[in-house]
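Just so it is clear, A, B, C and D label the chains in written order, and each chain counts residues from 1 on its own.
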Amino acid sequence: MKNTFGSSVTVTIFGESHGAMIGAVLDGIAPGIEVDEDFIAAQMSLRKAVGKISTARHEADEVKIVSGVFNGRTTGTPITLLIANQDQHSRDYGELAYKARPGHADFTAQMKYHGFQDFRGGGHFSGRITAGLVAAGAIAIKALRAKGIHIGTHILTCGGISDRGFGNLEADIENLSTADFAVLDDSVKEPMMKRIEAVREEGDSVGGRLETAINGFPAGVGEPWFDSLESVLSHMLFSIPAVKGVEFGDGFALADMTGSSSNDPFRNVSGNVMTSTNRSGGILGGISDGMPIIIRTAVKPTPSIFKEQQTVDMRDMSNTDLVIKGRHDPAVIHRARVVVDSAAALVLCDQLALRFGTDWLTND
Amino acid sequence: MKNTFGSSVTVTIFGESHGAMIGAVLDGIAPGIEVDEDFIAAQMSLRKAVGKISTARHEADEVKIVSGVFNGRTTGTPITLLIANQDQHSRDYGELAYKARPGHADFTAQMKYHGFQDFRGGGHFSGRITAGLVAAGAIAIKALRAKGIHIGTHILTCGGISDRGFGNLEADIENLSTADFAVLDDSVKEPMMKRIEAVREEGDSVGGRLETAINGFPAGVGEPWFDSLESVLSHMLFSIPAVKGVEFGDGFALADMTGSSSNDPFRNVSGNVMTSTNRSGGILGGISDGMPIIIRTAVKPTPSIFKEQQTVDMRDMSNTDLVIKGRHDPAVIHRARVVVDSAAALVLCDQLALRFGTDWLTND
Amino acid sequence: MKNTFGSSVTVTIFGESHGAMIGAVLDGIAPGIEVDEDFIAAQMSLRKAVGKISTARHEADEVKIVSGVFNGRTTGTPITLLIANQDQHSRDYGELAYKARPGHADFTAQMKYHGFQDFRGGGHFSGRITAGLVAAGAIAIKALRAKGIHIGTHILTCGGISDRGFGNLEADIENLSTADFAVLDDSVKEPMMKRIEAVREEGDSVGGRLETAINGFPAGVGEPWFDSLESVLSHMLFSIPAVKGVEFGDGFALADMTGSSSNDPFRNVSGNVMTSTNRSGGILGGISDGMPIIIRTAVKPTPSIFKEQQTVDMRDMSNTDLVIKGRHDPAVIHRARVVVDSAAALVLCDQLALRFGTDWLTND
Amino acid sequence: MKNTFGSSVTVTIFGESHGAMIGAVLDGIAPGIEVDEDFIAAQMSLRKAVGKISTARHEADEVKIVSGVFNGRTTGTPITLLIANQDQHSRDYGELAYKARPGHADFTAQMKYHGFQDFRGGGHFSGRITAGLVAAGAIAIKALRAKGIHIGTHILTCGGISDRGFGNLEADIENLSTADFAVLDDSVKEPMMKRIEAVREEGDSVGGRLETAINGFPAGVGEPWFDSLESVLSHMLFSIPAVKGVEFGDGFALADMTGSSSNDPFRNVSGNVMTSTNRSGGILGGISDGMPIIIRTAVKPTPSIFKEQQTVDMRDMSNTDLVIKGRHDPAVIHRARVVVDSAAALVLCDQLALRFGTDWLTND
């Protein structure tokens, strides 16, 4: 399995930055789920390039569904989602066939595909391919919402500026679901965007941290050991380009605590066993405990910068310099958050189908 | 797949803390690899309880190979490794059938297995099951070494005390391979151990961070997207109990950098394309670039502490208190490092077999 | 996994008989394989409806490749093949939402998808979906040929008429590769076609047996037990609609022999160990022995007949009669053979990649 | 995946004919299923060598469960079943390291494992490994019975003698469940056994056909295309050594019918949609239709015969003769039937868990 993820609900992605089409096949999702094309379009627009803080490449990202949906609902058979590429400027990329860009996959692609890879704009490694994940994820997100499971991701830090943490989850996730720049504290939005603009002007880029909350996920889902919820979620999240770290609950901070401060006490809350803190992020022993699932994801700075960089000319192995051309994002963190939501939603649909059967997500 | 990991080289683990036997089946590993039972025993001893800083439960952890090895070499067919449990005190655990221990999987096991789970000592969720991983991993580690691929893990931080980072990788990994307490800077060993003893006396526990380096791994292995090296490594690492965070290269720190500081420049070094820094930790676009693979793992404090904790009596859903009995580790970080080495080795053998075929690891 | 097959080389298929598009995603196949669009078109035409012995529905079946091919060669990343549906007559199918056609999947689709399935023309169960397999298979077949591995399938029996068995394999496969009606003995072609026409005039249908030979496949590929070559080949072949039996070598006939007549003697032939007979069909213990792989496949008669049939009206569960409308094939055996070739080729590419690595099929 | 089968319920098998132990790990089966060790022993005895018609090697085949069962019920975590080998005579096999036995896997094992395979008694390819499948299958069979799903297999033909077909399924399966030689018509038992004795005296062997019925399996389980019930069942059945053909319903005979005779008419029977014939063997479009699932399996003659056979001495590639020593079965058909039942049961448990969730088989 290379570009297919999942066991019962699976997603297959395909395409290249400068190819004809990108897209996804979403398979195994329950029959009878409402497919709302406006919602898919809205999710796609959350991933789109925004004003001065994003690439100048503008794609319509219209999603065409060519199979698996009948009378506005999922059939239970593969849903194929196609997105045409339109605004490619392939002439910007000729050099990349032999001069690998630092921080990009150009060199490793060469090691794996021996020069046969489509190098234009990063080819199949391009963040553009996440558009297919977002399209497929929109169906998954909608299906989960109908079951009371809500996902929201915000920009926890970017360029040295921090958002507040999650508070009232229900309200926070609701607000994030339509935010064009996903922060919980409105007052940090402009500083963050200004910071991104500033690095862009310097020909540089920034990364950031995303924080995701999943609310309403039932207890008892996941597996001990190899298919722990953390395992399957991190597997998917590390597929997203630029992600270099994933943690659950208090994550790395837990490593510095003592057991008496890190253990979450159990309490009877309205007849359910809940924990009074949530340092383990809703997962114990690899299995959901009914508390919100909390994930933080580290996104490295966009590797495409406009400063001169060192590289090797692979034609003669000489050391050389490279100045990247083309249109690039000074940051992707604000675009990545809907990718994280979508990716997580796909994993959760798979886990729920494995646990409760293929009909569980069917709308009544 | 629940307790089986991998595609071409797979490992299946089984057993419970207080059952008759635990173990592993290692399948698909190349034929002709030397199996050194002394080395397996040595690896098992690296995982064993040590002096005052570990549980009083002492297991011989003798590994019995009952299939898949013939004339001292792997046959290519499943290798079954069995380890008998001997020093169980099951009477200590009666209460856990209905009073979930905070930070443990008792409650989520109940949600998933409805009371049929073996709750004694955490049952199948116990860290004891990692002994099977270590036994199987020993064969994988040996096979990789024969190909010039070396793995080492040290305790980067524990109880507020930090080790130095990796320096001369070859020497560092060599030293770690036989260290009873895996730190690179000898002068931090005693302070760390004393800190663990101190929390034990308080009836408390500590966690820590592990740092792993993989040296000599060839470029061009891994996949873009769903089977990125980060994806498959993190999938495996999050299977290990108590792991709550995983990062590659500079990981979360990358999120705070700019592209011009985070990109690793390419240089011709002795005829090979290498990077002059290694902030991406040997992986670009999900594929190895030939530089050392660097992983950091967050291990939460052992949840078994001897202080009074809050829980719910699931028989009548009343709030109650719990004082844990039994023998427990005040820290597992020093025992976890060989588990991380073993787990990583199993993933890498699988990736190499997928990339280069099932005979690649055969010893000539 | 539902519509995705394979481990290293995978194929995902999608679409419905009356949807917008059908197609396939072929992933994991080696980089650098020449992709010959004329050859793909030629293979598609082998699957097409022929004259009076096939459905009146005529589809151009033009294959559009929208990813994974660059400069006329495979890149190593997912190849997406799209085929538009054009000649649907959906009005013919209104009744099928509640009156299941005997021998079709209408009833079982209802049991699984609860009425959300696209019932028009059999929806996702339609034999039309095999067009995606043939398109993907064409790339696999071409890749195998470049390695000296050739596949050919002929109609062994149809409507009571039998073709001769394989003789000179090389010549036979060469002839079959372009035959519009795949028989080895030219003199049986017209009688078979006339028999199909005759059953069509009666409003009835026929099935038949296909025999497949794979020549040049290397020894030592496959697995004992669960991934025996027979297991993976039969898994794929039973995916093809209407296939109800699969046998290897002398298959069911072996059941009536004695060991002394069924064992294939080993002989040194030109320096290679070969067998002087090939009753086991090139596979021993699940692993190829270097002899031609021989497979026979039973194809049931097309269930779409124009005679009155008994069914149940699922709206009120009353017994009723049904006369099928629409355009249908009186036989599919002559169209199925290229599907079998394609399906087998995809399995073999996967097995070769697992055994020898992902670059093995790369053209030099 | 090599020795592991399944997606949600999985079985891993291991061991060699002359190794220390063989066995299986059954994972993912629902918690709370009663595990009846007497029933497991009874199933093992159905697989055992019987009197003059079987090998002189006699194994106690005592199954030791070392994990996954607690208080007599499944826990939901991996169940490990171990069987010690006791009655090996390894001295009989020295020659096989270089002289491949016709019809056996000795040669293909050499091509795949390069001489590192355990060649004694066929090693990991030995039919003895099916003992693990039978042990694991016994738990699956018991779980299915508690849900009203019953499986029975009889010897349809052996040595030219035929049993009657299935009649009253419930009674037939009940009778088969304890039969020491599984035929439906008592009057064919002695002739079949005498025929086996006769070939044994000639130093020869026979094969046969098995017919399996699965009664009470719910409609709506399975998948169109790659995970059709036929696909997953045949995948498993072709894993069993000596199986060279598999057909469903009327199978190969369907290929010679017309659609009007092969289609099964639907009728309302006591409020359920059923078919008045069952030529498709309970599966339409890859999905169960609620009718009994009917499978026939071709078993080739045991390749171990005592007549002189031709082979190649792989040390110098000279043509030579071979007379097999050791103790062997003149037929395995009577021992294979419980292997088929077990194998089918494991597949069905997996399919049911995928369709209805991991708790579906839990006993109330």
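Note that in this section a residue touches a chain if its C-beta (ideal position, glycine included) is under 8 Å from a C-beta of that chain, and two chains touch if they have at least 3 such contacts.
For clarity, every value in this text was computed on a predicted model and none was experimentally measured.
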| item | value |
| --- | --- |
| Comparison of C-D and A-D by number of C-beta pairs in contact, larger one | C-D |
| Furthest chain, CA centroid comparison against chain B | C |
| Geometric centre distance via CA averages, chain C-chain A, whole Å | 37 |
| Separation of chain A from chain D, taking each centre as the mean of its C-alpha atoms, in whole Å | 45 |
| Centroid distance [mean C-alpha coordinates] between chain D and chain C, Å | 27 |
| Sequence positions of chain C contacting 2 or more other chains | 1-4, 7-8, 13, 77, 112, 124, 224 |
| Of all residues in chain A, those that touch chain B in their complex | 1-5, 7, 13, 100, 102-105, 107-109, 111-112, 124-125, 129, 157, 160, 199, 204-209, 219-228, 230-232, 234-236, 238-239, 241, 243-252, 254-260, 262-268, 271, 273, 275-276, 280-281, 283-290, 298-305, 307, 309-312, 314, 317-319 |
| Chain B residues touching chain D - in the complex, by the definition given at the top | 1-4, 7-8, 10, 12-16, 19-23, 25, 27-28, 31-32, 64, 66-68, 70, 73-80, 82, 112-114, 116-118, 123-124, 359, 362 |
| In the complex with chain B, residue positions of chain C that touch it | 7-8, 77, 224, 354-358, 360 |
